[in-house]
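In the part that follows, the structures are each spelled out as structure tokens.
You will see two complexes here that share chain A, one where it goes with chain B and one where it goes with chain C.
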Partner chain A sequence: MDGSPSFDRFLAAVDRDGAIAETRTRAEASLSRRRLLGLALVGAGASLIGSSRARAARGLAASDVSILNYALVLEYLQASFYTEAERSGALSGKTAEAARVVGATERAHVEAFRELLKSQAVKRPTFDFQGATEQQQPFLKTAVAFEDLAVAAYKGQAPKLQSNAVLAAAVGIHSVEARHAAWMRELFGITPAVHAFDKPASRASVTEIVASTHFIVAKPQLTKRRRPKYTG
Partner chain B sequence: MIIVLAASALIGLLRPGLGASHHAHRTRAAASLLALPASPPPALKIGPPAQLSSGRYLSRWTIVRRPTVALAEPRPNATVVAALATRAPEGTPNALTVLRAKTGEDGALWIEVRLPVLPNGSVGWVRRRSLGAYQTVDTRLIVDREALRATLYRNSRVIFTAPVAVGTASWPTPSGEFTIRSELTRYASPFYGPVAFGTTARSAVLTDWPDGGFVGIHGTNEPQLVPGHASHGCIRLRNSDILRLAELLPVGTPLTIR
Partner chain C sequence: MLSVANVEHRQDEAIGVTSSRRVLIKAAALGALATSPLIGRLIRSGAALAAPSKAQDAKILQLVLQLEYLQVAFYEQALQQASLKGDLRDFAQTTLGHERQHLAAIKNALGAKAGPKPKFDFGQRTKSPDAFTRTAIRLEDIAVAGYNGQATNLTKGTLAAAAEIVSVEARHAAWVRAIAGEVAAPVPVDKPMTAKQLAEGLHEIGLKG
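For the complex of A and B:
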């Protein structure tokens, strides 16, 4: 994790139940344990340990891991949205078909990120789409917003990636998200491609947009320490 | 772009009838293209699109996000069936099983839910905006009062079964469709065993019981009474069984008592 102020703001906005922070703390604790183990084994190997702290899953730079987790949260958001829409059975015609196809793709993205990040992957937050998955027009409006946001977010992070292999993957996903955006725009009745150049979106602006939806909520705590008063 | 350049170079190379100098130039151009470094393989192995399972055994639940009323029909002026608080008597969020959604004549989205009220089996319509996030479970718990047995399914597979004690003839365990809505732990009460699950089922007899006479599923300090008809309506399991069930039963699971 890079601990950059913008990413911290993003976490604060989306991580109301602490799931991401918990994973982050665990990952950092794991790194600390590995560091202690490293000290015990190699004695004066501090430089090696320092190097290992800067590297994360599969030799990725910590900043790349941070960007991948940021992308994973957006993929969780999209995958959960389409899954809930498909499960609701409220969509019809071409919209239902698009939700099915796009949802399957977004779920594949999620699995790929989780596979790469392994224990450093952030947990799936709890999403409350407030009915946007259960009516056709609110669904399309939200889908357009999500896809446009994802396209802009990937564009905003691509130049910051250190690994060319991660960049190659990100570019591959970015173009798929752009196709999704065009498809949803067409279904919603707006022009799929208007501008000759698309602007990237910064983490800060994506954070603000995601936070403003209130789609990410605290997970209900249904386990409690309390003496029962049931009939017995 | 690279593909276009390479294709142009190859087309140029294949075009007949040009002189030797042109040929040499084209050869150098093609060679320079071939000298470009290969693209790195993507770091992510993205699999095929992940289709959803049938969802045949999935059910959805949600919580009451703001105090509201459940109505008999999905329209604002319909008869009130029940008032819904944000908290269950246990102090946990008020969890309800979601049955279906409908857009009302007012254009608002209405959700039909199972209600934790008497008569047992009541359902009602609630505005979507008063409810929280949807959660899904692939489990369902069935309590058979004749066989005196609880059985937990995940999808269609039995993952737990154990004998139970249910209510006596004077204080019967109600039948119907309900929801597991809370899990209480780390309390000091041998009578309820180590774990107790709260349900939306209510005793039709013990209506003045503290917290309203809800039926729980819990352990016991009288294991010799399991299986049997021994309770005031609650579903009692031996402590070893309730601990095993607690490992498998997610809150929000639909409960059928028959």
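For the complex of A and C:
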């Protein structure tokens, strides 16, 4: 079974959240949360809701825009993680091959969400994976945690999406994240499918977990605010 | 080794207008760039779906019940007849346990209205490790596509429950692929199946009647 005693803190936190019934009140208890997460997902979502009251991307409900941006930040996180791991040259064998495939997929997810959100897409935050991309075992352990977290995060949001169109796309990505989770677990040597039912995680708890990793070192911003000039 | 600053800069390039060719070529080779068109198609087809209702949930659950009955029967028979060993046997046993719990949950949701256990004929599919592996991959993919295809047709409460099952089916699909040495997640977005396609898929594997 899940034989890793030091198994990831944020995976543990997801499990804990699954045990607690997901409460909306918690998601709304934003004061301490906002202080805690000044730099992460909630900030991005909140500012978007504020700015998108008047005009949503492609006629999407403001709440859908907010959920899509939350998903986009998770996809940025994953895409950057796999891309950095690939480039570090630390991976070998089946793990290197899996990271290449999964990385390309996560980058495709990023592109798809950006395409959908257009000017309302949040910008890629700056990440610091603190060495997790530089050795195979820490890479796998972190990948397992990210993928399990992504599955729980998508699952938590799916019933809240207003647009059927966005929902149809989101469930197709949700199950791909589950495939990734199983694949990374198999490579890490732990059971790919532990429970008969995968539990959702609330946005507040996912945000908290991501913030606790300190992998995001700079706040995601709206691209519409002002595009930074690239000299290259 | 690359410094973090370097990596971040290059990632910005990869995602922006000045795309890294290497990334693009790899993504294209994997068919990953097909994501956006698929999402586009899903989005165009999304608008035409029927409004969810409790009655519609029940119809969908009856079909899903057949899927879960079939999965339980398939793994039970394979464990008896396919000479499964090692990782493949572990996979079949764990998955059977999950499918039994899924079946119980769907039966429970339908209550007295739950349809009877169907008949199955798996032919040679449960008779050897190779045939079992190929069929398990197909079956789990069908389960994922079948559940995903109904997401927009279900009421939100039933959708939330189905979402807890579909990702486990997806884990099974990836698990058995990994054991077989295949790419465990071959597409960037799982393509949905209609109810009709799901029923056809179940008959293809061994559902009778």
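Things worth noting here:
Assume the second predicted complex is superposed on the first by the 163 of 232 C-alpha atoms of A that agree within 3 Å, B and C clash if a C-alpha of one lies under 4 Å from a C-alpha of the other, contacts with A are read in each partner's own complex, and residues count from 1 in each chain.
In the analysis below, contacts are C-beta pairs under 8 Å (C-beta built on N, C-alpha and C of every residue); 3 or more make two chains touch, one makes a residue touch a chain.
All values derive from a computational prediction rather than experimental measurement.
Of the two partner chains, chain B and chain C are each touched by A:163. When the two structures are aligned on the shared chain, A:135 is found in touch with chain B, with no touch to chain C.
After overlaying the two complexes on the shared chain, residue contacts for A:174 are found with chain C alone; chain B is out of touch. In the superposed pair of complexes, A:193 makes contact with chain C only, with no contact to chain B.
Comparing chain C and chain B on the residues of chain A they touch gives the larger count to C. In the superposition on chain A, A:60 makes contact with chain B only, while chain C stays out of contact range.
By the document's definition of touching, of the two partners only chain C reaches A:183; chain B does not. Of the two partner chains placed by the overlay, only chain C lies in contact with A:124; chain B stays clear of it.
Under the contact criterion defined above, the residues of chain A that touch both chain B in one complex and chain C in the other are 83-84, 87-88, 100-101, 104-105, 107-109, 111-112, 115-116, 126-129, 134, 163-166, 168-169, 172-173, 230, 232.
Listing the residues of chain A that touch chain C in their complex gives 79-80, 83-84, 87-89, 97-98, 100-102, 104-105, 107-112, 114-116, 124, 126-129, 134, 151, 155, 158-159, 163-169, 171-183, 186-187, 191-193, 195-200, 230, 232. Across the interface of their complex, chain A is touched by residues 39-52, 55, 58, 60, 63, 65, 89-93, 95, 101, 103, 109, 128-129, 132-136, 167, 171, 181-189, 191-192, 196, 198, 203, 206, 209-211, 213-216, 218, 231-234, 251-252 of chain B. Per the touch definition, chain A reaches chain B in the complex via residues 58, 60, 83-84, 86-88, 90, 100-101, 103-105, 107-109, 111-113, 115-116, 126-131, 134-135, 163-166, 168-169, 172-173, 217, 220-232. Considering their complex, residues 1-2, 4, 7-8, 10-16, 18, 23, 26-27, 30, 32-36, 38-39, 42-47, 49, 94-95, 97-98, 101-102, 105, 144, 147-148, 151-152, 156-157, 159-160, 163-175, 177-179, 183-185, 187-192 of chain C touch chain A.
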